[in-house]
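Please find the structures below.
In what comes next, chain A is part of two complexes: it sits with chain B in the first one and with chain C in the second one.
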Partner chain A sequence: MAKQESKYGVQAGEPVGVIAAQSVGEPGTQMVLRTFHFAGIAASIATSGLPRIIELLDAKKTPSTPISKIYLNESSKKSFAKADEVAKKISEIEMRSITRRIVEDFSKGKILVMLNAQAMQAADLTAGHAAARLKKDLGLDAKVGKHGNIVIGTHTKNLKEVRAIAVKLTKSIVNGIEGAGRAMVAQDQKTQEFYVESAGSNIEPMMEIDGVDSSRIYTNDIFEMYRVFGIEAARTTLALELKKTLEEQEISVNERHIALIADAMTSSGTIQSIGRHGLVGKKESVFARAAFEETVKHLINAAAFGQIDYMRGVTENILVGKQIPLGTGSVKLSIKREEGKKKK
Partner chain B sequence: MVKISDKCYVHLNGKAIGYVSNPQAYVKEVRTARRKGLISGEVNVVYMEKLNEIHINTDRGRARKPYIIVEEGKSRFTKELAEKLEKKEIDFAYLIRSGIVEFLDAEEEENAVVAMTESEVNGDTTHLEVDPVSIFGFTVNTAPYPEANNVARHLMFASYIKQAQGLYATNFNLRFESRAYILFYPQAPLVSTSTYEALKLSRHASGQNFVVALSTFYGYNMQDAVVLNKAAVDRGLARSMFYKTYSDEERRYPGGQKDVFKIPPATTEGYLGEHAYSKLSDDGVIEPEMQVEEGDVLIGKVAPPRFLEESIGAGGLEEKTRDDSTTLKPGEGGVVDDVIFTESPGATRIVKVRVRSLRIPEAGDKFGSRHGQKGVVALIVPHEDMPFTENGVVPDLLLNPHGIPSRMTFGHLLETLAGKASAMKGTRTDGTAFTQTGSDRLDEYGKIIEAHGFDKYGEEVLYDGVTGRPFKAKLFTGVVYYNRLHHMVSNKMQVRSRGTVQILTHQPTEGKARLGGLRFGEMERDVLVAYGASLLLKERMLDQSDKATVLICKECGSIGYRDYAKRINICPLCNSNNLVEVEISYAFKLLLDEIKSLHIRPQVGIEE
Partner chain C sequence: MSRNSVNELLASLGITLNNLPKILVSDPQAQKAGAKVGDVLEMERHDFGKSYTYYRYVVEG
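Right, the complex of A and B next:
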């Protein structure tokens, strides 16, 4: 026991969770008023401050502003041109952003896509490129026609089918990776290396691209990290994101408190939120859950299934008026009954 | 043909009524008509360029403010008119009638270019402020030098002045206010403003001119605390009287029953004991000039029982009654000032008893200047221990200088200096906003002070009353008008070690009126949990709260009882006698009871 304690620096029975909660919660109260600062580059418009903290602790399935950082391998990271090439492959361009008009010719079963030359130029795209992508993704017979328009043959004259394809067209992507958002080349301040930053997150296909260092790819979407790399990566990302958000607000919280929160949220192997649907809702004690939220639901379930409260937590022990099993209450003194009896 | 985009919609009180093609000319026409008196002066019109919309407002509830009309760089309010106004040949209404002054609402102000002073008027100017001070409200303008203070401090002053004790009404001794505060020696402020004088506020002033030194005092005025001079307090500084009125009514009930004012007979339900009623006169009500303290009855009253059965039951001839007297609450006391009997519209008798009590400033009372600078008295220092100047002047109040820079209440410093100059010269100073520049004011007051042989910046050498040695730094001293605010400890202080508990939960009551304790809340609980102080936590949550000892059946886990006649413990469910005494919170017992009431049987397992 003594050996174990000296190894970890925290004594047995120390309520680390409560301390972590207080250490994050107290400076958190000062945060509310100081959100919505600095205007600037696209990347910094990411949700920050309290809304982001809430998003992380509630374990929202998708972040409101997903951002991914795609680092490049040794051969590509020194050159802007190579980085830009990768960025072009990633940057998501939707069909609708480059089209001027879509005309359906139901008699011939053709769809004419009139492109917006200005938007095409801005996106550095050619009609041929777009047509090829449509062919690849949707399996359509897309060709470049007169005046740089795209002509799509549908092989059907059915009104409904033609319309369905036209609708699909507007939603389709002509360049980049779906969900990746706009990607741009950025430079690391410390190492001077180039990397790609995109305003979306879909890292699996990104990793396939030539020149991408898939071992360093990063997204602020915790669930995506979990899907692609597993729970440990999700835990690290969660802790990193929490730490980053707090640091942005010039709030200094010891890393260990944040790490503990991330640990608690991922300890089950999946990501759990802090709240009635997550950690608190999965507490062992009926009383502790009933004391938090949805009192009636928990009591009814406990009654229906004949649950037993083993009184091992803090809340339930305070409720009945027992000493809590933490701190000075974590030690128990027992006397061997037999010896006492012998003396009689 | 007018294009849609060229149409300028006209909204009357928020409703579109049509469109015009030349909005500027239209708006001008409406204004001209208003100034000529062809349409009501209460009409306001605005052309919103960005929206290309005209709004005409004639409805009620708009705040409007008067402005002098300016045309082609010339104010319509000429010197001749000013002279006539001075001689009272014309009045303000004349100026409005003849299109010299008009009222603008918040929307029309957006179209106006307003000059603060006549010298600022140029070709673009459309209006002139009647007086530059009118950019502030009435309340703010009663404080001196508002232009030298931070806006947030104006708002704070405006709320403090409402809490100031003063001479709120000269007939206060005839009035029965539920709560009233009268300052013994109200003074007109040495530094006043035109608005203050116009409102004649010095006739019922609400403060006193304090001699203030910007000085610390052995740490007793940290964090907005102030130190007062005992001698000044003894001479009546900020001394006031607190009046509180208690009233009761002889109500009539359906069934012909009635409340009666009288000394309750000992048979009354809820009788408080002979002693409590000893100060009442024969009519059941206390007499004026009687000393009263907590627990004393002011108005003796008996009421019919709450429920009908009680009066019929028992078979006695005598009708049962209930005591419903008005008693002084804990912490209250004083002298009965006046008693009146009146009648309500329903012809029931009403008694009003006004109790007065002296409020001498003490540690814990709240004071504030006219610059949003409040402070609580932390110490009242004997005269001989207070710092004193070369001339033997001892300040009334010591204000901590750390409270000034971060609040940016420069007006407070200006008033200190102006107050000092006024006191020396023997005249009051005008501190109306925008009448002078700050540096001109400093020069003016500095000269007066210098002429009387003092430092022109208001700084003086002060000697420590305790050691007799001079302070190393010169201290800024002067005279500031202070208000005594009505938050006083003697009305708020409360202590409890043990006392009443709530019937339902067996937990201590809350609030001063119920002699309650201070809540040890969830966050406070978390602090003890975080510290690991499990026994202290248990003491707070159980031993000093709602500890209950119950008997729990070892066989079936339900709550049993002790049969004192047979001297055994019994479990009513399984008839077992094998029960143990367990200490639990009453709240938990209540929870078990409530669960039982839902036909769910909770069982408690006992571990040894």
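Right, the complex of A and C next:
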């Protein structure tokens, strides 16, 4: 027993959770509350510092600045041109960003979309390309008309319906993957390989693209990781993101503390937040929950449903003034009856 | 993991199945492994440069 423990360096009954909380919490007080915005560099406007830590620990469904890194397979990662090709396929372009004007012709049931030539050129798109995408996504009869405009036939002369289609049109996507945001090619400092970084996250369709190494795709959206790759991937992402955020602030916390937090948050098979809706709110003991937050609610519920507190945790034992089951307190004394008899 | 090795593991750690971390049957990785409710999945983790084995108990969900 003693040999096994010394191997891990943690004594039995050590309050590892409290130590982890303190180890992250103390340097956390020194973190900047503000989110910095770096002018010019589009890639570095991600949420950082304390707001990001809070976001992670509260297990927010979507991060306020999702970023995904799309790594490429062996044949594509060495060439900028190939990486750029993938980036173009991912980069999300909304219809409204390339249109100059949308004219509805109610008498003929047609919609005329005048395109902004400059924006089109910047996005490296053609009217034909955009029309084809509209046809595919929305099932519209989109054609390229005169002066490079897009003409859409709606098969209806109903004013409301035409207007509804026009509104849908402005929000639709003419290129890339929905939710992917702007994608750019970046280069890894260490390995010199090219990869695509996008300011959004929708990794499932991204994985389908030619040249993408789907096993290395990464997003800072923990719930997306959970949906696509499962709980283990979500845990790893959570730990990595916590570590990265702390390191950005030049705070060094031992990985084991971070790993423990990530483990605790994912131990139920789903992602739980730390707080009254997550880990603490699901505690077994009535007193432990009542001592944390919403005291009356927990006590009344427990009384109404006749819940039993087994007094096995720390909080409830402090509450009633008993020895806590930690450290020395976790050892219980028991006497072997037979041996006692022998001594007599 | 086989029944026997699960029991051995639980005995060596002095815990019950419910003390293990859990994984839902609907989890993509659990489905890939073809896991059923009540199984225990053994996984190799590579965490911050260290590798170790981790176990998850497959539960309904």
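Quick note on the criterion: the second predicted complex is superposed on the first by the 321 of 344 C-alpha atoms of A that agree within 3 Å, B and C clash if a C-alpha of one lies under 4 Å from a C-alpha of the other, contacts with A are read in each partner's own complex, and residues count from 1 in each chain.
The working rule: contacts are C-beta pairs under 8 Å (C-beta built on N, C-alpha and C of every residue); 3 or more make two chains touch, one makes a residue touch a chain.
Model, not experiment: these values are computed from the prediction.
Annotation for the three-chain superposition on chain A: chain B and chain C fit side by side.
Shared-chain residue A:Gly139: touches no atom of chain B or chain C. When the two structures are aligned on the shared chain, A:Ile19 is found in touch with chain B, with no touch to chain C. Once the two complexes are overlaid on the shared chain, A:Lys322 sits against chain B while remaining clear of chain C. By the touch criterion defined above, A:Gly269 lies against chain C but remains apart from chain B after alignment on the C-alpha atoms of chain A. Of the two partners chain B and chain C, it is B that touches the larger number of chain A residues. On the chain A superposition, the C-alpha centres give an angle at chain A of 110° between chain B and chain C, rounded to a multiple of 10. Shared-chain residue A:Val228: touches chain C; no touch with chain B. By the document's definition of touching, neither partner reaches A:Gly9: not chain B, not chain C.
No C-alpha atom of chain B lies closer than 21 Å to any C-alpha atom of chain C in the overlay. Looking at the complex, you find that chain A touches chain B at residues 13-15, 18-19, 21-22, 299, 303, 308, 314, 318-330.
The part of chain B that touches chain A in the complex is made up of residues 525-527, 529-535, 537-538, 541-542, 547, 583-585, 587-588, 591, 595, 598, 600, 605. Interface residues of chain A facing chain C in the complex, by the touch rule stated above, are 227-233, 236, 239, 243, 255, 259, 263, 266-270. The part of chain C that touches chain A in the complex is made up of residues 21-24, 27-30, 43, 45, 47-48, 54, 56, 59, 61.
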